[in-house]
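Shared chain: subunit A. Partners: subunit B in the first complex, subunit C in the second.
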Partner chain A sequence: MQTTLGRTLHALGLTLVILFTMFPFYWMVTSSLKDQSDLLASPPVWLFVPTLEHYGEIFADQKVVNAVINSLIVSVSTTALAVLLGAPAAYALARFEFRGKQDLWFWFISNRMISPIVLALPVYLLALQVKLLDTHLVLILIYLTFNLPIVVWICTDQFRSIPKELEQAARLDGANQWIIFRKIYVPLGIPGIAVSAIFSFIFSWNELLYALVLTRRTVQTAPVIATSFMSGYELPWGKIMATGTVIVLPVIIFALLVSKHMVRGLTMGATK
Partner chain B sequence: MSFLRLDNVVKRYGDHKVINGVSFGAEKGEFVVFVGPSGCGKSTLLRMIAGLEDITEGDVSIDGAVVTNVEPAARQVAMVFQSYALYPHMSVFENMAFGLRMVKTPQPEIERRVKEAARILQIEPLLERKPRQLSGGQRQRVAIGRAIVRNPKLFLFDEPLSNLDAELRTQMRVEIARLHRDIGATMVYVTHDQIEAMTLADRIVVLRAGLVEQVGAPTELYDNPANTFVAGFIGSPKMNFLTGTVTAAETGRVMVANANFVGGSLVIRPRRGGVPKVGDMVIVGLRPEHLDLASPTPALQLRTDFAENLGGATQIYTQPKDGEMITIVAQGRPKITPGETLTVGVAPEYVYLFDERGVAV
Partner chain C sequence: MPSGAEATRDGTLPAAVPSGGRARSNPGYRRWTPFWFLAPAVFVLLAIGIYPTLFALVTSFRQYNITRPRDGFPFVGLDNYLNVLTDSTFWATLGLTARFFMTVIPFQLALGVLIALMLHRPGLGMLRALARVSLVVPLATTYAVVGLVGRLIFNGDFGVANQLIEAFGIPGFDWLGSPTGAFIAIAVMDIWQWTPFCALIFLAGLSMVPVEIEEAARLETPSKLAMLRYVQLPYLLPGLTAVLILRSADVLKLFDMVFVMTRGGPGSATDLVSVYIQRVGFRVFDMGLASAQAILLLIMTIVLSRLYIRLLYREIE
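On to the complex of A and B.
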């Protein structure tokens, strides 16, 4: 009896949490499929005839298509660079002893302690002076400074969990440092690398503040475009929601693709 | 010159000396076992030979070449780790082939050597499996196979059997001995288990606190331990010790007084020919298996505490009037009642004598 009641309450609680977290997403997707009169109806309508009108509108808008492409360029480049640079750094932090290691470790994460808005103006002025405003590169560079620490932290932890004997065995087998990293640490660190890549991609994809400050026309990213609809006296909810849905899709696809690598127990069988 | 030579090797971590100047040589084809209690530095010493630990002072040479500052791979040694250290994401075949691939061995040669090693170790059906699909004993075989395929100058084993259960340990012990016989390679084996040391070794190196206590063939260490540490470490159950005072001494004949001896004293023939001074404190060593309940010439009187019946033999624990418990191993199942006083004999050639510091005399 007790367990049945417990299970029921458990399920109920979980359902509430899921409803609470999923509802905004549900509302966004359904709103993007409503026509203007359904959108503004009060009380809100739950049953309606879906329309793809807003999607047609945004895909006809070259600005939106360009923004999605810009976002893709920036996010993919940032994520690739963050992993390419972060994973070797994490390996060094996990396995080598060198002077200032602990300080470096702390310093890596310290830039995440500062509120992004504090740095926005200095970064803007810097970008202005080196003539990087409104380029993909400036966004990639600034996102890297935010994403590298995350990649380094997650991967360091992951690499530390790999038994040291594996590296020693490989050294005796004649593998050099680079081969050990590539053949032992990367394959076994894939879960950590995958998680950090997802974080990195989501951050770069959704980032609004710096994208707003550092871009003008040419490299506006998707979140910038979505908010740009909210101007003047007009609030084209359908268009905003459709853009929002389109923005969320790549993240979900990327996360689904990568998440199959997020498995535990890769090092099972190595020792004992 | 020895095939493997350690020349006054020292390992220091900061101010802490782990290896305290070890010199030792092993001949080609010899099976050498480093044995000692945990923390004695035996694994560190092995890792220094492998090149996984830096050598603070001294030199290591293999096959006539000093390798003190040579990279592990270039030393042409193979090591079997206590934890096996198999590459978990690679198949058994790839685990064994990894070292060969590193030196760009042609694929047909890799296949030939891996298959050959798999045949020797009877793991041929497992070649496509991942380490996680193997049992402990199978993993251990793969780890050994990984060492064999590289055809190294020197095999190093770091407590390879300590993760296995008792039955499998015995089985693998025999297989390692057979492997040594078949391939005839030089092997250095680290263990804290004196039975493994006794059964596998051509020569045993007994280590304590980073120092070599004694080097010798298993029987030599058993028959002629250099000190109480080696005497207590080699042999199972461990040697019994009684402290006594010398009451009379001449060459080849020392009389030692102790309340547990029949008549209060025992005449001992020192095995190393030493002559202690009258009044000196000495330690008398007696192996449990040498104490004889049926001896016509009793030497000790001991009060029984309890007895363990092992089937073929019985271990009797007795409490002497002073000092630690004394163990007796008796064949068969003698009838023992707790509290009973036993008179026990021992052949004169089986009595060991050590001076106050524990050095054999």
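On to the complex of A and C.
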């Protein structure tokens, strides 16, 4: 009796959790499939005839397509750079002892907490001077300030878990550190590198403040375009929600791939 | 790079280098080897992180309004800082940020613990796995899109939030047009997005409780509350510290969602500190003042992150 009741409550609670977490996402996706009269219905309708017209609209809109391409270019490039620069640094932090190591380590972690507005102001002024505003490059570089620490952190953790014996065997064969890194640590560390790359991609893809401030027309990213629909009287809600869905869907898929590592990625490993 | 020969020598003759020398603790590399691995990353972070920060620091001592370049950018000493410190709006936004934190965090902690306990409880494997995976969805959702969806949900004319409260007999209203309503709306969206984060951290804590202890306690007492208080709580505390510090840093950073949903309005009802600084910098274009504000924000963040490191990374080497 007691246990059946407990079990029912447990099931009910878990169902509520799923409803709670999925509702805004569900509402966005269904809204993107409603036609204008269903969207503006008051009270809102829950059952309706779905339409793909808004998706047709946004994929025909050159501005949206360009923005998605810009987001892809920026996120992929910054992720590639973060891995290229971060993985060797992680190797050094994982396997070498040197003075100042801990300070360096903490410096990487502190970068996680800094408000983007702190860097957005000076980077805007500097980019203005060197004519880098509204270029992919400035976003790619500034995104490294949060991607690089993530990559370094996750890869360090991964490299630490690789047995040192493998390295010693290779050294007996005459391999130098660079070869050991490339031939042993990179292949064995691929899971960690992949997780860190996915995180880096998610954070870059989701970013709004820097993109809002540092771009004008040509390299506006997807979140900036989605936000820009939010002006005027008649808001194109269907188009906005369709764009939102297109932006969010790929990151959710990626996030599901790394869901086991989500907590580590977001806390910089303070809790395992 | 000649380190190949070096590595071979050190590697093949470990006994020949008894102690002392360059690589005492970990033979097999030269003193400068770690430097070469680290240099690119450190150099890039210095160039794109530290250099702009220093630039902001310098700017914060200047009169720097880019809409009036004719005035030049003269140094004005501590004027900007004096302006910030006596600027009641700045303090009001900080106060509001604190209030926002105090509003969302009790919900996030309570719901987080509750969800973690449900996910930790044995049984209902499929449903549990599904619920756990669903937690990832809010966390991954683009912050700006959370704001867009928030505007739709809390729309005064056809929002689903009104439909919900009307079902409880409360008349619907224009959430984002009223100061209290807008504040509640952004708080709800924040609670939605970040409760899963707390839940996952607490779940990680719960899974650290040794199984034997938990089993023994379960035989000892049927009370779930006693179990939580005496057995599980100690394992939740490190996670709690992490949540409190990270969430306060996140609230100081919070921009995207609020900017999209309310732009800080109506009036200054949702004018959190990052939203305000962005407006001073990029609407008023008073870069000197905004930089001073940003530097103060940075100092707060550094204090928080030192605290975080002090409290949570003790065990690492």
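To be clear about the criterion, the second predicted complex is superposed on the first by the 237 of 272 C-alpha atoms of A that agree within 3 Å, B and C clash if a C-alpha of one lies under 4 Å from a C-alpha of the other, contacts with A are read in each partner's own complex, and residues count from 1 in each chain.
As a convention for this text, contacts are C-beta pairs under 8 Å (C-beta built on N, C-alpha and C of every residue); 3 or more make two chains touch, one makes a residue touch a chain.
Just so you know, these numbers come straight off a predicted model, no measurement behind them.
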First (subunit B), second (subunit C), both or neither touched by A:209: second
Partner chain(s) touched by A:184 [first = subunit B, second = subunit C, both, neither]: first
Contacts of A:133 with subunit B and subunit C, given as first, second, both or neither: neither
First (subunit B), second (subunit C), both or neither touched by A:39: second
Which superposed partner A:29 touches (first subunit B, second subunit C, both, neither): neither
Which superposed partner A:125 touches (first subunit B, second subunit C, both, neither): second
Touching partner for A:72 - first (subunit B), second (subunit C), both, neither: neither
Comparing the two partners subunit B and subunit C, which touches a greater set of residues in subunit A: C
Partner chain(s) touched by A:166 [first = subunit B, second = subunit C, both, neither]: first
Intersection of the subunit A residues that touch subunit B with those that touch subunit C: 168, 171-172, 174-175, 179, 266-267, 270-272
Subunit A - residues contacting subunit B, complex: 163, 165-166, 168-175, 179, 183-184, 187-188, 265-272
Subunit B to subunit A touching residues, read off their complex: 50-52, 71-73, 77-79, 81, 83-89, 98-99, 102-103, 130-134, 136, 139, 146, 150, 163
Subunit C - residues contacting subunit A, complex: 1, 3-4, 6-8, 10-12, 25-26, 28-29, 31, 33-35, 37-38, 40-42, 44-45, 48-49, 52-53, 55-56, 59, 64, 66, 114-115, 118-119, 121, 123-124, 127-128, 130-153, 157-160, 162-163, 166, 189, 192, 195-197, 200-201, 204-205, 238-239, 242, 246, 249, 252-253, 255-256, 259-260, 274, 277-278, 281-282, 287, 290-291, 294-295, 297-298, 301-302, 304-305, 308-309, 312-313, 317
Residues of subunit A defined as touching subunit C within the complex: 7, 10-11, 13-15, 17-18, 20-22, 24-25, 27-28, 31, 39-44, 85-86, 88-89, 91-93, 95-98, 102, 104, 106-126, 128, 141-142, 144-145, 148, 152, 167-168, 171-172, 174-179, 181, 202, 205-209, 212-213, 223, 226-227, 230, 237, 240-241, 244, 247-248, 251-252, 254-256, 259, 262-263, 266-267, 270-272
